[in-house]
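Please find one structure pasted underneath; my questions will follow.
Going in written order, the chains are labelled A, B, C and D, and every chain counts its residues from 1.
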Amino acid sequence: MRAKLSPKDFATSQEVRWCPGCGDYAILKAVQKALADVGARPESTAFVSGIGCASRFPYYIESYGFHTIHGRAPAIATGLKLANPELDVWVVTGDGDSLSIGGNHLMHALRRNVDLKILLFNNEIYGLTKGQYSPTSRVGTRSPSSPTGSVDSPVSPGQFALGCGAHFFARAIDTDKEGLSHVLEKAHAFRGASLTEIFQNCIVYNEDVFGSFTDRATAADTQLHLRHGEPMLFGENRGRGLRFNTATWSLEVVDATATPEDVLVHDESNPLLARLLIDLHLPVALGVIYRKPAQSFEDAFYANHPSRMQRTRSIRDFLAGPASWTVE
Amino acid sequence: MRAKLSPKDFATSQEVRWCPGCGDYAILKAVQKALADVGARPESTAFVSGIGCASRFPYYIESYGFHTIHGRAPAIATGLKLANPELDVWVVTGDGDSLSIGGNHLMHALRRNVDLKILLFNNEIYGLTKGQYSPTSRVGTRSPSSPTGSVDSPVSPGQFALGCGAHFFARAIDTDKEGLSHVLEKAHAFRGASLTEIFQNCIVYNEDVFGSFTDRATAADTQLHLRHGEPMLFGENRGRGLRFNTATWSLEVVDATATPEDVLVHDESNPLLARLLIDLHLPVALGVIYRKPAQSFEDAFYANHPSRMQRTRSIRDFLAGPASWTVE
Amino acid sequence: MNKNKDVDSVVVRLAGDSGDGIQLMGSQFAVSTALAGADFSTFPDYPAEIRAPAGTTFGVSAYQINLGRDPITTAGDAPDVLVAFNPAALKVSLPLLYRGALVILNSDGFTARNLAKAGYEKDPREDGTLADFQVVMADITNLTLEAVRDFGLSKSEGGRCKNFYVLGVMLWMFDRSLDTVEAWIERKLAGQPTIRDANIRALRAGHAYGETQELSASIARFRLPPAELPAGTYRSITGAEALALGIAAAGELANRSVMFCSYPITPASPMLHRLTHLRELGVGTFQAEDEIASICAAIGASYGGMIGVTSSSGPGIALKTEAMGLAVSAELPLVIVNWQRGGPSTGLPTKTEQSDLYQAVYGRNADTPLPVLSASTSGECFDMAIEAVRIAVRHMTPVILLADGYLSNAAEPWRLPDIDSYEPILCNVPQGGEGSAQRQAFTRHPETLGRAWITPGMPGLMHRIGGLEKDIATGHISYDPANHQQMTDMRAAKLAAVTHFIPNQAIELGDDTGDLVVVGWGSTYGPIYQAARATGVSFVHLRHLNPLPPNLGALLDRFDRILVPEMNNGQLATLLRDKLRVDPLSYCKVSGQPFLIRELVAKIEAVLGEAS
Amino acid sequence: MNKNKDVDSVVVRLAGDSGDGIQLMGSQFAVSTALAGADFSTFPDYPAEIRAPAGTTFGVSAYQINLGRDPITTAGDAPDVLVAFNPAALKVSLPLLYRGALVILNSDGFTARNLAKAGYEKDPREDGTLADFQVVMADITNLTLEAVRDFGLSKSEGGRCKNFYVLGVMLWMFDRSLDTVEAWIERKLAGQPTIRDANIRALRAGHAYGETQELSASIARFRLPPAELPAGTYRSITGAEALALGIAAAGELANRSVMFCSYPITPASPMLHRLTHLRELGVGTFQAEDEIASICAAIGASYGGMIGVTSSSGPGIALKTEAMGLAVSAELPLVIVNWQRGGPSTGLPTKTEQSDLYQAVYGRNADTPLPVLSASTSGECFDMAIEAVRIAVRHMTPVILLADGYLSNAAEPWRLPDIDSYEPILCNVPQGGEGSAQRQAFTRHPETLGRAWITPGMPGLMHRIGGLEKDIATGHISYDPANHQQMTDMRAAKLAAVTHFIPNQAIELGDDTGDLVVVGWGSTYGPIYQAARATGVSFVHLRHLNPLPPNLGALLDRFDRILVPEMNNGQLATLLRDKLRVDPLSYCKVSGQPFLIRELVAKIEAVLGEAS
């Protein structure tokens, strides 16, 4: 059996070119560690990205890497997976790359359930092009292209993914080592399309846009870390929990010490619960929000292919077609 | 006040070029009737379509019409709406046009809530290109491009729309005059992006794919016609109803005569209920499934525009810029 | 009149409603013709609507076939025989006919309603419209219903057999056996025995109808001399079939699997459909969500080590141009097949044109050179597909192969190739070499300038590629000015390197020097061949468009004048001016229809007439 | 040494980390220069990374400015003065300098770590690397911190003021007043009083530093003669600003609102940003989800009666080509601005190139002709924007306007135009006319061939348009062969019609006949102008690329040889060969950098040297 690799083994010689203080650095570290922890092999791992600051990622991971074109990474990764289903393929993308120009390919990769681990670095801004608002920017975002505030209502990556028929959706914060490692490992273990939204701080163009819940000081009250099969608790010594109000069809916070029986247990296979959790604002739901295994696209593709993409006959047998004749 | 127009007034001189027996004919009649009923004016109405059999629609409606390119109708209609927000703009599209190549533009039109009445003729097939499977085709669909059956799991127009943040989603059957007229009028009355999925029979390439619930004989048991604020009843003399099972988070059929109090009342503003209704198979939910008014994109755009797109100053005032100097 | 007419070739046109099964009838007639040893060429001409309203002129579906002694290279300028199922079919076909042609009409189709729909005020059968033609009228619908009476089919079901009834008549007229058609019906309709038997009955009845007085009295049967095709085994093939087979064959020659990624579009779809039946050849087909996704998936497949192929027609190719740039920059093999159609925009989807040459050669942002090939005949699509894959993997570059709507549907006899006679296709497998994997990935073969095809999964060769400019030596990102110049020059040199691997341009017909040479490309081969043959001028036909064959300049210099007929507004003429500094005369036809031989003959004679 | 140096022009280059505020400092220096009446031209040169790691060579951000007596048309070949904030900045800039140039170094930046990062084994300040230069070293960081000490800023905050400190020094060196800069700081930093005051303090301290012995002893101040610009009011302007203003002005001249629909991309974004500030001019900006949506929204806006404009750079333009075909087919006005950048693919996003000419002229499927224009200087972007809109609405066609990354960012003095001197832009409003609305919508103006611009909302004129071929008379869908030929000819004729409305080509410099003429287009205007001036050859610069000016062929025929310098691999040369049958010499530079005057002079002299 092969020697276990360390995070360093997944680092390249290339100088990292993000702005000092960019959340991408923390994500890079976490991914390198996760790859080592899950025992990934560099030669059978590929990182495919689009264009954007986030999409520079492949240059910094010692594996196969393809920095493609804006918005198309899921489509290129789909082709790669069809050519070699055994590869461990990660897609790294930004909120603009995946939800602006790339929305269609993301939708189809998700609904087909192609076995791709998609990491969406959501900083709610177009970083690389110098800070215009993105499809995840909140209404009123002031940016070079919206000096008086944006008017487009944003799309929610989670709601979008589930609407497309995604089988896996998780969330983490760039600098939350533990939470991020947890979802990365779960995503890696999932054979199918997984979308992991990572709240990433763009220190230059959208600093602290997630401050309301990423701030460590208040984390206990603002973050809900989900675990399948465990009660949804948060707050100081996990004193509060969530309950489903059947009258309003919504989640509400309850005193978990007073009425523990009311507290919902997280069921990652419940699509309605997932949708409620995605929209939750205080606390913000983190971890694996939805997970429902199903046959992956390439597995279905190969299962449906008579020769599993092998050449079992020669072109000779096909040239003559239905009817042929001979001329002496 | 102007003379009320009749459906005939919305017919053009052009020979209709669909296959005999195509569901599109019934939709055309219904739309012409609806336009007359709601008192639409031909000069302030525009139909914008993409490419496909469905997208031939504008040629047959006496109003302004733009038969554009494949998948782009929502984007072109958005520009038209920005140029003239008072127009009554309808987008006619097919399942391939809107959810295959056009998925991204549909998503953005919906999340921005552009005031477009989008009619999606879903026949679960690419008609115009001679019958290949589409993104709404069921797994196993045999077609010229999937002789042994398709392997892609389909996307649900309704789930997709809600996932994108749509504010209006309705459904009807091509040949169901009453149901179709009802949703067309509701869609017309909604200022914002409305997506109306019309189950359309492609008699040539996908005949009767919706037969299980469009068959008139069994309609009572297979169709649930929704009305906001009314109990969800169906079946012979509306003897059955739907109840929300809080344990399984799902809808279940109950005997409405026995336990009327259990029967859910339709609330079109409830997004969770909407998602349950969209996935319901027997009966199939028809009518306005979800409706949540919000400011339309162009209204927000104009409200945020200092001069509401009028020229209130001259270029003269802007030429000099921040600093200028004079050379004698 | 004598019962048998000896002719060298006959042009038959079958025309009716989209619902009349004309295309099927035509292709079956072609196969029977072929099996009897005649050379032939067909031209299916159908509307953009799936089933346009019955009886309308725009709804007419036609199938023209030219059969006889070889070389038959076009479907023929003008039909000698027309079968019209209704007035609309007569209306649109009549202008094409020579005087004296035989016109067979389905009288049942000539109802007042249909006459009106076709825009006939008077019945053309009575007002002298057909005076110049030999007319035969038959109540085909009724005769067919008669024939299939015992099967208890509904009137409409029974009526649908009439195409086979007419086919029976045609087969009698050309003295062909019914066997192949019957075998085909047996196969196709095995599932519906009644329909099957009814159709066979109709076919035989039609044939019998010929034998009997009614017809044989009035018209002659055609007797065609056997074609003098080179010895070998033949089949009838369309361009779509040949290109699909060629791609699969290339995979076998390269010993790689093929991933065909496409999005349906007229007239490219038939290739996708065909490839779904070649899966045992290691061919996979992926129907993507759009053209951008399809080329991207093909690029991903090539990156993964398979031969990535994508296909579309003009509007879809336009959407692929950004990704082509990525393939050029990342230096990945890829074949892009363009089945050209009438434009601009949606244009005339079912009509043919060759107006995407500009787009293929010049249609990308930045200096992004890539090889461009084209196929001249349906059968040649096979060889050009192999050539395209060969160039793509040899030079590690995307290659565009131009075909068109005419080739996609047109059938011709095709001599089965001996696959063993083809050179294997060699891939640039990593040579080891020194330096980092990054360096190795961008180490180029000295002659082809193709880089090593290193694919994910290979141990120890992990590296990064992308669309940013790369250092020519290390393969890492580089914005260095001098390096960008070197890389730009390298990309130009790589295209030029292709020149050393392609054959010299041969002359199809005529002397290798003289007053006038006609230069063509693509599906205009057929009509130009006949026109050059008729006028005796020299004829050069291009298959390699970018780069052009090494000797082409010298070859053309040996002629005083160059005439370039094209189904576009002069795109090859531009290319020749640009690359060879010659100044050809353009003869452009942009009507969605192929050139007629007589149009070309007239043009050539006019040019010869002018003092050079 | 004497304290004052009289010179005609000086080239200054400021270089440091992306984080050092070089670009800001440069543009402020430019404005102060301008206000003092000097002519100038700037060239901002920054990395693709937002804030590349400090101290790295690829992270160097530079701003070069050439100032002095007019005509200054380039940022200068080689700096006379270099300010380097760190070793990396020195490393990348040094090769550009002439011997004897003045080099000002920020000693604080020369730490061992930074020297290593820049790849210096030895300290260039000590190993003789700078022997040929006049070197001044100053602990700028410390001096700055010193200056702002009392504001109690953190070390990093304080350090960030050093660009203003250096700006102070430069203003002293060129004898410029501090007022404009101070005013600017007051405005921009009104919100942060401490930072504001600290920066002003730093600025003054830098200026004072010059006055004091330390500097004035060692180096000379530059005394520049006043520029001899034509009388008028001037401002400093970049191409992005000028093009934005031009589009808004065109809207005013046409009395229509403008809808600008775009998707951000380097280097096109600045135009989008600029237009968001012109909304009171009836300009709207829509940031679409991608390039396809942006051109489609612009088409929708034009269909709705506004002037639809979209913009991008090469990769984004590639995605727009399908929709351009729709605009050509539907005959709607539209302006597409392409800010060209280095390619292929993502290429070198922040570097300039003019390699999208092929794409603009030939880059669409089918025969889809459309007018193509280009801007030569930052200021000229204003007039060309108006010309583009004028042609688009006059002929009812999409128009491509080519600019590039250099123009987008380069600033120059611009004489404010008198808007009243511009012809109003007339729109093809429906003329009533007879026949159905469908017919009226496709009734064309006899000279322009522009159809009537009928927009939804107009009573009684409802009609249908689309991308399928249309009957030339009725405007209804038509697949008729003859009609398609007529429509294809009409589209070609419409492009040709533009020729009658554009000015004859003038000669920029030199005789109108002779041995050699240099032909340029786009942003190469500046360097070619100077090179032609220096060598005395004739110079022709094109603004109308498709169609070409009516007299161009005749004009070029009056010269024995034509030299075409381009920042691409010979694209204009192809166009001239194709359209004018001339055979120019190409001089190609594809390094992402503008031509240097000396490169062009050398080339011209070499060409003149060869016997013609």
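The rule we apply is simple: a residue touches a chain if its C-beta (ideal position, glycine included) is under 8 Å from a C-beta of that chain, and two chains touch if they have at least 3 such contacts.
Computed from a predicted model, the values in this text were never measured in an experiment.
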Chain pair, A-D or A-C, that carries the greater number of C-beta contacts: A-C
Relative to subunit A, chain with the most remote C-alpha centre: C
Whole-Å separation of chain centres (CA-atom averages), subunit A against subunit D: 39
Where subunit B and subunit D are represented by their mean Cα positions, the distance between them in whole Å: 44
Contacts with two or more other chains, residues of subunit A listed in rising order: 51, 67, 69, 101, 103-104, 107-108, 135, 152, 301, 306
Per-residue multi-chain contacts in subunit C, two or more chains: 58, 289-290, 292, 315, 322, 325-326, 330, 345-346, 466-468
For the subunit D and subunit B complex, residues of the former touching the latter: 31, 34-35, 37, 180, 184, 227, 229-237, 241, 245, 248-249, 251-252, 257, 259, 261, 278-282, 284, 286, 288-290, 292-294, 296-306, 308, 322-323, 325-326, 330, 416-417, 419, 436, 455-468, 476-477
Subunit B - residues contacting subunit D, complex: 12-14, 42-46, 48, 51, 58-59, 62-69, 72, 75-84, 86-87, 104-105, 107-108, 301, 305-307, 309-316, 318-328
Footprint of subunit D on subunit C - complex, ascending: 47-48, 58, 292, 313-319, 321-322, 325-326, 328-330, 340, 342-348, 350-351, 353, 355-356, 358-359, 361-368, 466-469, 479, 481-482, 484-485, 488, 491-492, 568-569, 571, 574, 577-578, 581, 583, 589-593
Subunit B - residues contacting subunit C, complex: 15-20, 51, 53, 67, 69-71, 100-101, 103, 126-130, 132-133, 135, 144-147, 152, 204
In the complex with subunit B, residue positions of subunit A that touch it: 101-104, 107-108, 111-113, 135, 148-149, 151-156, 159-165, 244, 246, 249, 270-273, 275-276, 294, 297, 300-301, 303-304, 306
